[in-house]
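Presented sequentially are two complexes of subunit A, the first with subunit B as partner and the second with subunit C.
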Partner chain A sequence: MAELFRRLGAVAGALVLGTVILWVLFLVVLPQLFMVDMSLRPHLPVPEQGGPADVRSLANYATLFANDAHRGIFLRTIFSAALVTVLALVVCYPVAYYLAQVARGPTAALLVLGLVVPFWVNEILRTFSWFLILSRNGLLNQVLMGLGLTEAPLNMGGVGAVMVGMVYAYILFMVFPLYNAIESLDRNQIEAARDLGASWPRIHARVVVPHAKPGIAVGCIMTFMLAAGTVAVPQLLEALPGGTNARWFTQVIYSLFFDGGDWNSGAAYAFALLVSCVIFIFVMMRVFRVGIADVAK
Partner chain B sequence: MSAKRLVDLFVYVYLALFFAYLFLPLVFMVAAAFNDSRFPTMLPWQGFTLDWFWGFDSRGRAIGLFQDGRMGMAIWNSVLIGLGVILVSIPVGLAGALFLQTIRTRAKSFLYGVMVSPILTPGVILGISTLVFWRYVFDVGGGLMLAVIAQSTFIAAYCMLLFLARLERFDRTQEEAALDLGASHGLMLRRVMLPFLRPALLSGAVLAFLQSFENYNTTLFVIGIEDTLTLNIATRVRLGLTPAVNAIGVIMIALTILGAVVYEILRRREARATPVEPVAAG
Partner chain C sequence: MLAGQSVTLERVSMAFGDFVAVRNADLHIEAGEFFSFLGPSGCGKTTILRLISGFNEPTGGVIRIGGADMAGIGPNRRPTALIFQNLALFPLMKVWENVAFGLEARGVARAERRRRAGELLELVALEGQGEKLVSALSGGQRQRVAIARALAVEPAVLLLDEPLSALDLKLRQKMRAELRTIQQKTGVTFVYITHDQGEALTMSDRIAVMSHGRIEQVGTADAIYRAPASAFVATFVGESNVLAGRVIGTSGDEAILETAHGSLAGRNPHGLDAGARAQLVVRPERCRLLDGDAPGNRLAGTVERLDFEGAFVSLVVRLDDGAEVTAQLANDGSLPRLKPGTPVAIGFAAEAALLLPVAGDG
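Entry: the complex of A and B
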């Protein structure tokens, strides 16, 4: 801490230290601790809060696992988010490789710009654009009926629609980390492997992928976290015909808070979601052998 | 040779499909805003119209986006929140960056992890934990102020990473020289460090505003009964969808592209900028 005051002086040093302490305590650490504390308490009417019945237990978490509907939605959310992550990785890898290693000059710059622009378009609007494609009078139904493939419009809502919307909404969070990682690979390494007779699959497995590990880890973590934690995409696509059976876990949490008023169960469910994401992050960091400083930068 | 041709062809087709997948849905959405159809769709095309921006239906009711007062309120709220987030995130991010770059304790990587953790936390969790904490400790309920606080938890971390990257390129001998030559710490900060950081501060402000303006997941939990632009769009899609939503989309995409271009220009200029401007006497 002494370095801080030596470098910045007493006034600025104290300001910096104070701001950091306030930030970490009031915006990062304490809110999470209060959420956990709330998740451990029973849902009581206001007069009984703090009374003899207000004891901490894991009851709210037990409810999550005892309630078949909620547990099902929780597991489906985690599984679907993982599937969205894998799909995004598979779709993006060739694009990222091409942009980073094959394309050159103005073509490469233009293609990267083509990724930057949709990246900045809002998640809600990106989801809405798919809503319009999949809706009853939407583009896909118009095309299908125009081609005579179906007589009446199809109901396209459901888990599949939500996943399509998510891949679309979050695919760029996969492309950029992959692109950045692959771009830093020296082209000569690929040339050398090819000159030595390695096949393309082998070059990717032994040269490109090992080098791109941090990028793959970051892309997977961001995509999974966004997909598991979004409420925007399922809330919008739920309005599609046939979409009501595709509830996402975040929607369950939302309705616990604002329809049921049971903040305690809501906090427990939210913490369960957070723990799943943290486990995913640690698994990725372990599998790809990267540190936290590689992940968030 | 022909095998290579085939591979090239395959690669081009794949790239074309990928970029079509990225852009076509947005193009359809924009086109539908100008289609004279009651439902937002590009097909069948029923003629060009600007009614969904400003117009009346056959019974004389206002249907255009700009005739909707609630929309104006929502945009105003989004702007207010965005400005609030800049005011919180820039100083906090700057303090965080200076702190992490200066300290030498062993806890540094742990502190770094704590400070960037909001970036890796789902947005809904940030909203919920902020809501619970401020409700029970300060009796502050959902509203514009809480939206600023909740969004700042992760946006400040983004700003911090931006400033940290800039500070890494700072030549520390310059600040030492300023102090050795008799400048006070305050003068050194004002005349040496802040001018060096200025481009990053500017792009940080743009980034913070854009992130805040388009946020949905965090805001949904902490906004209370207020409305913001993204919340308004989502409500319209679920209840009473008309192509006026597409008109919002057109405007937002135009503004976003403008903002993104400004941000990219600032970032590139910042990356190229010379280390420090000359220190003026005084």
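Entry: the complex of A and C
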């Protein structure tokens, strides 16, 4: 911080620091506290708010655990988001490795461009393209029927479709941390391992993955948070035929806020999701033996 | 058990697109030999190492190790181990895990790996350091970990890519001796890449001098220094004065070269005939200061400068046409005062000078 003032001088330094403090306070801390407070109060008609019935309790959180449907969706969302994260890692690791250690010069640049360009399109539109691919007379059904693999179009909706959409939607958030981490690995280490007789799986297990661990952790955290917190992707892909049981917990929160008008339960559900995600992240960091400092790099 | 094998290159070439990194290399390295490739950066010596280790397949020719054709055999399946210029130790593994990595890759049990790593660490004088991380070791110790790691897979041929270049001078000299000792103790064939002639000359049984992808000369340090095969070798290995001219006469195994500085006699091992263009090379330490009108090879000019080097001084003489020649003179108290601009003449015996054909002239 002293460095900041030394560089910018007192006025500009105070301005920058002040902006950051105000930003964090008004846009992060206070809204969260407001939401936590709201989550602890019962949902009451406006005249009774602040009255004798308006006492803080954990009742809204208890509902989440008591309501079988909501609890089921909550657990399935966490599980599915974790699965999306694993799938994204499996898909992205080879891509990131190829980009970082194998491809050279213009080929690498072209590949990165190929990865990035689709992401110039809005997330909703990209997800909608999956809707088009997976719908009853969509591309995939046409291809399957054209090859004679099925007689009639299949219903492709469901959790699987939502997860495919998410893996695609968040691929870059996984690829780039992985790419950054793998790219910083000295190629000689890979060659040395190979020269010493190691097979490719062993080279990855013993040399590349340990080196890339912070990148893997960052990619997993970002993908998990985005997957657990998205509304748009499940909302769109749920509409596919057969997609009725693909509800995401965020949709439950959304409908509590905007359809049911029960902001108190909505806040409790949202906060429960946030806490679960944070716990998940710390567990992941523990499992990968990665510290905050590694992740922040 | 450790034992060396021979390495043979038969008309080996390597091209990267239009760039030919190695051109028709023919070479036989004996089993158990300490063999160095010496050349400036970009001469193709590292490419040769990568070809022997199997990271690149040659675009032409055959590489044999212990007589067996290595075509199509990957680096993980060759009886070679490579020590990288930056060592490429694994920073996230302990020292002993680094050393035992090759054994791990071969499926050796953990206890046995530990035991072998301990033995190898002892061989390189690092006993008791196995539990440390590589980052906790000094430069010289890391060097030795790299050697132990390479020897762990019991290679028949150890390939070393300028592994000493990152060390300071003192440590480098110490490691030279250690490398030589380890090589003699193990009997493994060492193939050493360097641009440092001091390393090549002191450690090697034989040296191949390379330039622009070609092997210019193969021989013992002494032979290369005494009888360089080309002006490149003469100037790259040690220093040489090179004077161009045309042969005007031969007698026995000597010939007379007509140069811009008069006629000079030298040995003629290549049997150059009168009329051939040639270069005369003579080592600075074979040149001496002439007084009066002594007969024989004579180069007249003025003192350009006198560099004090301790046991000897380098006298740089500017000849009439601007060319410079250097004479190394013993600093034994007999030197006259030589101010820049003083007219002097230096000479050398005919048997100290060597006539070499000019490249492209047959």
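Things to note:
The rule we apply is simple: the second predicted complex is superposed on the first by the 269 of 297 C-alpha atoms of A that agree within 3 Å, B and C clash if a C-alpha of one lies under 4 Å from a C-alpha of the other, contacts with A are read in each partner's own complex, and residues count from 1 in each chain.
Note that a contact is a pair of C-beta atoms (placed from the backbone, for glycine too) under 8 Å apart; a residue touches a chain by one contact, two chains touch by 3 or more.
Remember, it's a predicted structure, so these values are computed and weren't measured experimentally.
Counting residues of subunit A touched by each partner, subunit B versus subunit C, the larger count belongs to B.
Residue contacts after overlaying the shared chain place A:A212 against neither subunit B nor subunit C.
Once chain A of one complex is fitted onto chain A of the other, the partner contacts of A:A198 are limited to subunit C, with no touch recorded for subunit B. Judged by the touch definition given at the top, the superposed model places A:D186 against subunit C, while subunit B stays out of reach.
When the shared chain is aligned, no partner comes close enough to touch A:M174: not subunit B, not subunit C. By the touch criterion stated above, A:A161 is placed in contact with neither subunit B nor subunit C. Touch criterion not met for A:V252: it reaches neither subunit B nor subunit C. Once both structures are placed on chain A, no subunit A residue is touched by subunit B and, in the other complex, by subunit C. Per the touch definition, subunit C reaches subunit A in the complex via residues 53, 55, 74-77, 80-82, 84-86, 88-90, 92-93, 101-102, 104-106, 149-150, 152-153. On subunit A, the positions that touch subunit C within their shared complex are 186, 188-189, 191-199, 202, 206-207, 210-211.
By the touch criterion stated above, subunit B contacts subunit A in their complex at residues 11, 14-15, 18-19, 21-23, 25-26, 28-29, 32, 39-44, 91-92, 95-96, 98-99, 102-105, 109, 111-126, 128-134, 136-137, 149, 152-153, 156-157, 161, 165, 175, 184-186, 189, 210, 214, 216-217, 220-221, 230, 233-234, 237-238, 241, 245-246, 249, 252-253, 256-257, 259-260, 264. Partner subunit B is touched in their complex by these residues of subunit A: 1, 3-4, 7-12, 15-17, 19-20, 23-24, 26-32, 34-35, 38, 91, 94-95, 98, 102, 111, 114-126, 128-133, 135, 137-139, 142-143, 146, 168, 171, 221, 225-226, 228-232, 235-236, 238-239, 250, 253-254, 257, 263, 266-267, 270, 273-274, 277, 281, 291-293, 295-297.
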